[in-house]
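So that you can tell them apart, the chains are marked A, B, C, D and E in the order they are listed, and the count of residues begins at 1 in each.
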Amino acid sequence: MEIFGIPHQAFLGQLMLGLVNGAFYAMLSLGLAVIFGLLDIVNFAHGALYMVGAFAAWIMLDKWGVNYWWALVLAPLAVGVLGALIERLFLKRLYGLDPLYGLLLTFGLSLILEGVFRTEYGVSGQAYSVPEQLAGATNLGFMILPNYRAWVVVASITVCLLTWFVIERTRLGAYLRAGTENAKLVQAFGVNVPVMVTLTYGAGAALAGLAGVLAAPVIQVTPLMGSNLIIVVFAVVVIGGMGSILGSVITGLLLGVIEGFTRVFYPEASAIVVFVIMAIVLVLRPAGLFGKEA
Amino acid sequence: MPANEFLRIENLNAWYGESHVLHGVNLTVNEGEVVSLLGRNGAGRTTTMRAIVGLTGRRTGSIRIRGTEAIKLPPHKVARLGVGYCPEERGIFASLSAEENLMLPPTVGPGGMGIAEIYDMFPNLKERASSPGTRLSGGEQQMLAVARILRTGARLLLLDEISEGLAPVIVQKLADMIRALKAKGYTIVLVEQNFRFAAPLADRFYVMEHGKIVREFEQSQLQDNMSMLQEYLGV
Amino acid sequence: MTTQSPTLAADVPASPSAQPAQGIGKTARYTYLALLAVALAAPAIGLYPVFMMKLLCFALFACAFNLLLGFTGLLSFGHAAFFGFSAYVTGWVIKAQGWTPELGLAAGIVTSALLGLVFGLVAIRRQGIYFAMITLALSQMVFFVCLQAKFTGGEDGLQGVPRGALFRLLPLEDDRVMYYVVLAIFLACFLGILRIVTSPFGQVLKMIRENEPRAISLGYQVDRYKLLAFVLSASLAGLAGSLKTLVMKFATLSDVHWSMSGEVILMSLLGGVGTFFGPVLGAGVVISLQDILADKVGEWVTVIIGAIFVVCVLAFRKGIVGELLALLERRRARKGA
Amino acid sequence: MAGEIILETKGLTKEFKGFVAVNNVDLQVRRGDIHALIGPNGAGKTTFFNLLTKFLPPTRGTITYAGQDITHEKPAQTARRGIVRSFQISAVFPHMTVLENVRAALQRNLGTSFHFWKPEKSLYHLHERARELLAQVDLQDFAEELTVNLPYGRKRALELATTMALEPDLMLLDEPTQGMGHEDVSRVTQLIKKVSAGRTILMVEHNMNVVSSIADRITVLQRGAVIADGPYSEVSKNPQVIEAYMGSADNELQGAH
Amino acid sequence: QSQSGPVRIGMITDMASLYADIDGPAGVEMVKWAVEDFGGKVLNRPIEVLSADHQNKADVAASKAREWIDSQNLAMLVGGTSSGTNLAMAGVTKEKKRPFISIGAGSARLTNEDCSPYTVHYAYDTVALAKVAGSALIKAGAKKWFFLTADYAFGQSLEADATKVIKENGGTVVGSVKHPLNASDFSSFLLQAQGSKADILAMANAGGDFVNAMKAAKEFGITKQMKVAGLLVFINDVHSIGLNSTEGLQLADSWYWNQDDESRKFAKRFFDKFKRMPSSLQAADYSATMNYLKAVQKVGTTDADKVMAELKSMKYNDFYQKNGSVRADGRMMHDMYLFQVKSPKESTTPWDYYKLMAKVPADQAFTTVAESKCSLLKK
C-alpha cells in the first residue's frame, strides 16, 4: 500500500517523526505566544533560553550528577529565574515604548547568552544521554520509534494544554490577558501586576527551558541550537497568528508534520518549507491561521 | 484624624514625565459623602483621581485613605485599601468577554454587589455577556466600567465622567444608582463635565483650575455659587 | 504593555525645514563639511582604502535601512536579503557573464528592487513586530536559495569577481580610483535619501508614521506608500551590496544571513534612528569595532555586540547622533527660556 | 438642489454571530441637511456608520450614494467619493504643525504624492488654501504651532478643517462633542453649523442640546431598527422615543447635558 | 616584497565557531610552537605570528589576508578550516603573490580547477577521503551505498568524489538524501536510509551534523542494520559522541596522535597544554610552519617564487608525514590512513580511539595527474 507514492509504513513513520518535531515547535511557539500575548514582547531571546535550558540539564548531569528527571524540574526553574531576572533588570524599563524595542533588546540578550556559552563550552556540542527509563525503542511495525521521542510528544502536548487551560480558563489567566492591554489599570484594581509580569516572563522562559531539557537527549547540546531554531519558530508563530494560545500549539504540531513530509518528497526544500507556507498563509489570511482580523 | 474622614489629600503634586500637572491639591472626603470635582477640560480632575490610585508619574504630598498614608504605595496596595476606580477612558479589555471584564477586579472588601443585582441594573450587559469587551457599544462599555467596580466591595468609588456617551435614560438610571450607593454608605468622588448630572447628586463641590483647588462649597450653597461656576466652567 | 507608545522612528525632526533654529543647521553643515574633507583626503592621510570602502558600503546599507525604519517607521529584519542577494547578482553577472561594473551595479539595484517588491507585497499587510518577523522569515528563504543555488557557489561564496573598468575608462582595480567611485556613489545616495525624505512622498511617509489611521482616512492608500518606501530602501540596500562585491571582489553567504540584518539594525540604532547622519556614524563604529575587537577579544565579539545592543536600547534609544541633537535642542531651549 | 436624496440605505442589516446590531434600516439623508442619528446605547449607531464607511461589510441591504450603489466599494473608494468620517479621538498628526496637518489633506489631490524626487517646496503653494481653511475654524493664529500643544477643543477644530480640505460632500460625525467642556461643546456645535454650508452632515450625538439646536432631521434607532424619523420637534414628542431614549418626560428638552 | 623587518606569518582560521575545536586557537598555538622551536628568527629577522578569526566567512578571511599583505608585508599565510575561506585566501594570495599553505580545507578545488602557483594544500582533501574510505569499505564487502549528505558544496563534492570511487570499485549507490546544513533533526533522513536496504550508510557531512546524525542512527537502531561510515571525521567528533555510539566506525585521516613515538611525543606536549589530543589539522599546522621556515632558511629569502620553488622540490619528513612532497599543483602528497573506531572495551587509555586498518600511499589517495584539471600540472 502506498500513500502519495511512498510506502504507507514510511508515511506513518514520517508522520510520527513530524509530530516529534512539531512538539518542540509547539512548546517554543507557545512560550513565545505567552510572552508576546501577555507582555507584548517578541522574545528573540527565546531560542537562547531554550539553549540555556538544555545546557542547564547537561551541566547538572555533568557537574553534579543530577539525573534527567530532576533536571526536568530544576533546569526550567533555573531558566525561569533567569527569565525573571531579565524581566526585572531590562525589559521592565521598556514597557510603554514601542514593542520593537523589546525585540531589539532580547536580540541583544540572545547574542550575549549565546556568546557566553560559546566562549565557555565551544560550539562542537555536548552529548546528553537518554535517561535509562526511556532508553530503547518500540517497534511500531511501521517504524522503530525510540521511546524517548514518544515521551517528548506526550510531555509537550500535556504541558501545552495545561498552559492553555491556565491562560484561557482561570482567573489568573484573565488577569494576565487584561494585563496585556492595560497593566496599570489592572494594577489599580488591586492585582500585583509587576510580580505577575515577572512571573509570566519567567514562566515563558521556563517553557523554553523545558523544551531545551526535552531536546537535550535528542540533539547535541550546543550554544547555537537556539538561534538555528528561533527563526523557524517565529515563522510558526506568524502562521498561527498569535491570536490564540491553542493556535500556536496546533500550528506548531502541524508544521512539524508538514516539514517532515517535505523531507521525504523534496528534502532540499525542508529548510524553507515553513517560510513558504508562511508567505502563502499571509497572502491568503494576513492575520494568520488563528489570528483575529485586526 | 476624625473617624469619618475617608480620604484626605494634602499638598498633592503630580507629574506626567516632565510636565507638572497638579500643584498642591488639598481636599477631604468624608465617609458616606458624595463629592464632585468640577473644572474645565485639562484642569486636572482626572489627574487627581489617577494620582490617588497611583497611576500618574511622580507624585508628592500626602494621600491618606482611612488613615493610611498611600502616597508611596503602588496601585494594587491602594486598591486594597478599598478604592475602586472607574477611568475616564473606560478601560474595557478587548481580550476578555463582557462577563470576564465584569468579574475581573479582585474583591477588596466585603459587601460588594452581586452579579444578579448588577445585571438587573444594566440589562444590556447581561445580553452581551459573552461578547468580547470592546465589541460592546460605547455606552455599554461605559456601563460595564462602572458595574465592574461595584462588585469588588470597594467603599471609596472614584468615578470619572461616567455619564459620558450614555443615552439620557441611562444617565438618569446612573443618578438613581449613585443615590442608592450613597444610601448604602459608599463614599464617592465624582468627576463630571455634565454639570446637570453631578449638581443634584453631590454633597460638596470642589472647583479645580490649573491643577489647584480654587473653590469649595456645599450642596446648600450651590445656587449662590452659580455665577462663579459660570465664570469657571461656562455653565 | 500597550499604551500610547513612542515609536522607534524619529523623535528628532526629520526635515530640515522642521528644524526651527539656525544653530543646529549650522553646526551640522560644518560637521558635514569637515567629514567630507576627511573622506576626500582619506587615501592621502593613510587610511586603508579597502577598509574605508567597506565602511562606506555599510554606511550606505545603514542609510537605506534607516530610510525605512527612521522615516517610514517600518522595522525590517530582513534587509540582509537585499544587500546579500544583490551582491551575488552583481558578482555573477560580472564574473560569469562578463558584464561591465556599471551594468553589474544596475543589475544589483534592479534585482533588489524586484525582491523588495515581493517582500513588500507579502509583508506590508502586517504591522510592527509582525512586519519584522515576516521580513526576517522571508530573508531566511532568500538565504536558503543562495545556499542552494549553483551560481552563488554555496558556502564557498562567489569569489574572484574582477572590478574591471567603470565605463571602460576608470580602472577600478586601483584601490584609490575605486575609493573615489564608491565615495561618489555614497554621496549621491545620501543626498538622494535627504531628498526623498523631504519630498511630497516623504511628507506622506511622515503622516503614516505619525498617525496611520488618520492618513488612511484622508484617503491615502498607505500600503502603496509603504511599498514604494520599501522598494526604495531595498534598492539602495541592494546597491550597497553590489558595491561591496566590487570592492571586496566576492559575495558570500554572510551577507545574506539574518545576523547581517541584525547588524544593520545595530548600526542605525547606535548612530541614531531617524537622523540623517546617525546610520553612517553607526556603521563606522560597528565596522571599526568588529575590525578591532575581532583580533583583540576573539570569541567575546558577539557578547560585546550584544551588550552594545542592550545598552543602546536601554539607555541611548536615540542613538549617538540623536542624543547629541537632543542635547543641543535642550541647550537651546534653556538659552531661549 | 436641496431636498434631493444624497444617501439612501435600503434594508441595511448587520449581524454579529446571530446578534442583529443593525436591522433592516431604511434611511434617507437629504442633501444639505444636518441629520442626527440618535438612540439608546447599543442601538447600532456606530455600527451603522461603520457600514456606511465600509469599515464593516453589511450582512444584507444596499447603500446608495448620489444615485450610485456603493454597497461593495472599498473604504478608500468611498472616501474618494467624498464621504468622510471624522474620528472620535483627536485624529491629527501630533508632531506636524497645524498648517502641515491641513496641507496633508490638500496634498492628496495634487497627484504628486508618490514623487519622491520632488522637493518639499513643490507643496508650498498649498499653504494659501490651508490658511483659508484654518481661518474658517478660527485657527489662523495657530498655523505654525505643533499640533500636540493644542488644547482639546482646538484639536477638534483642526480635525474639522482637515476634513473639509478633502472637500467632502457628506461628513459623518460620531459623537463630535463627547468629552468636551461646555465652552468647547458650544464652539464645536457652532463650527459644525458653520461648515455644514454646502455639505451634508450625518452625526451621532447623545447631547440633546446639540441635536436640538442644529439638527434639521433626526432618526432614532433602537435595537438596530428605526423607530422614529423626522424633525426634532416631532421626534422628541414621540412616546416611544421618550421611553427608549430620553427618559422621563420632564427631562425631554433638557437632554443629558 | 621587502626583505627587512620581521618575517610575518599569518594564520586565519575559525577561532570560535563550528570548527574551532579541530583547529582554532590551538592551531594558532601550533604555528607559534613551530616558530619557537625554529628559534624565533629566520634569516636574522625575527618571526612574528599574526592570527585572526574568519568566523567561517570567506569575506572576513579574504579582507584580513588582503589587509595583512597590503599593510603588514605578510610573508606567508596559513589557512585554517573551511573550504570557502581557504578558496578566498587562495584567491588573494594568488593575486598578491604570497605563499599560502592551506591546512583545514576539504575542497580539492584548491589544487584542481582553482589551483594557484602559490598554494600548498597540506593535510587532506575530499578526493583523498573518498578514495581511502571508499575503496577500503568496498573491499570489506560494502557494495550498496546510501549517502546522507550535507546539502552544500563541501558535502556534495564529498558525495560526488565517493560515488566515483564506489563505481570504479564495482559498488552501487542505492540512494542519497541531502540534509540542510546544521540540521537539528536527522530522524526523517535516517528513516529513508533504513528503507533503502543498503549495506552501508555513508555520512558526507561534518562537525555537528555528523555528530547529530551519528547519535540518531544509533537511537533508531540503524547501526544494527547496516554499517555506518563517516567520510570526514575528526578525533574531536569521536570524543564528543563517545565510543558507545561510534564504535566500529571507519574513517580516513592524514594523521593520528597514537600512530608512532614521534606523534605521541608531540601529542603529549599538546595534551599537557590543552587537556585534549591534537587533531590531524593541528599537527599539520605545526609541520607546515616548520617546513616553510626551513625552506626560507634554505633559499635565504622570503621571496614568494623562490620559496614556492623550494617547497615544491624539498622532501618532507617529520612526525606528521614521511616522504611527503609537494606536487606542481600544490598538492602535498603524503600517505593517508584508514582507521576504525575502537569499542569502549578495546580503548585502554584516554583518547585511545582508533586502530589502523590500512595505510594508503599518496598516489592512490589523491587526485592523479591524469584526473586533474590544474593547468600547472599540464606543463
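One rule holds for everything that comes next: a contact is a pair of C-beta atoms (placed from the backbone, for glycine too) under 8 Å apart; a residue touches a chain by one contact, two chains touch by 3 or more.
The structure displayed is predicted, hence computed values, not measured ones.
A.B. asks: Check every other chain and keep only those touching both chain A and chain B; list them.
C.D. replies: none
A.B. asks: In how few steps can one go from chain B to chain D if every step must land on a touching chain?
C.D. replies: Graph distance in the chain contact network comes out at 1.
A.B. asks: Could you find the chain whose CA centre sits the greatest distance from that of chain C?
C.D. replies: It is B.
A.B. asks: Go ahead and note the Å separation of the Cα centroids belonging to chain A and chain D.
C.D. replies: Computed value for the inter-centroid distance: 48 Å.
A.B. asks: Please compute the C-alpha centroid of chain A, do the same for chain E, then give the distance between them in whole Å.
C.D. replies: 37
A.B. asks: Calculate how many whole Å lie between the centre of chain C and the centre of chain E, each centre taken as the average of the chain's C-alpha atoms.
C.D. replies: 39
A.B. asks: Between chain B and chain E, what distance separates the C-alpha centroids? Give it in angstrom.
C.D. replies: 77
A.B. asks: Can you list the residues of chain E that touch 2 or more other chains?
C.D. replies: Correct list: 16, 151, 180.
A.B. asks: What positions in chain B touch 2 or more of the other chains?
C.D. replies: In chain B, no residue touches at least two other chains, as defined above.
A.B. asks: Do you know which chain A residues sit against two or more other chains?
C.D. replies: Residue numbers touching two or more other chains: 118-119, 180-182, 184, 268, 271.
A.B. asks: What's the complete list of touching chain pairs for this entry?
C.D. replies: Result for touching pairs of chains: A-B, A-C, A-E, B-D, C-D, C-E.
A.B. asks: Over in the complex, which chain A residues touch chain E? Could you list them?
C.D. replies: Answer in residue numbers: 7, 10, 13-14, 17-18, 20-21, 118-119, 122-127, 130, 137, 143-144, 146, 148-149, 218-220, 222, 224-225, 228-229, 260, 263-264, 267-268, 270-271.
A.B. asks: Which bits of chain C are touching chain D when the two form their complex?
C.D. replies: Result: residues 15, 17, 195-196, 198-204, 206-207, 210-211, 213-221, 224-225, 228, 232 of chain C touch chain D.
A.B. asks: Going by the contact rule at the top, pick out the chain D residues touching chain C in the complex.
C.D. replies: Interface residues on chain D, with respect to chain C: 75-76, 79-80, 84-85, 87, 91-96, 100, 103-105, 107-108, 110, 112-120, 122-123, 162, 166.
A.B. asks: Spell out the part of chain C that touches chain E in their complex, as residue ranges.
C.D. replies: Listed in rising order, the residues of chain C that touch chain E are 48, 50-51, 54, 144, 147-148, 153-157, 159-160, 248-250, 252-255, 294-295, 298-299, 301.
A.B. asks: Spell out the part of chain E that touches chain C in their complex, as residue ranges.
C.D. replies: Contacts found on chain E: 15-16, 25, 51-53, 55-60, 62-63, 66-67, 70-71, 82-84, 87-88, 91, 107, 151-154, 156, 180-181.
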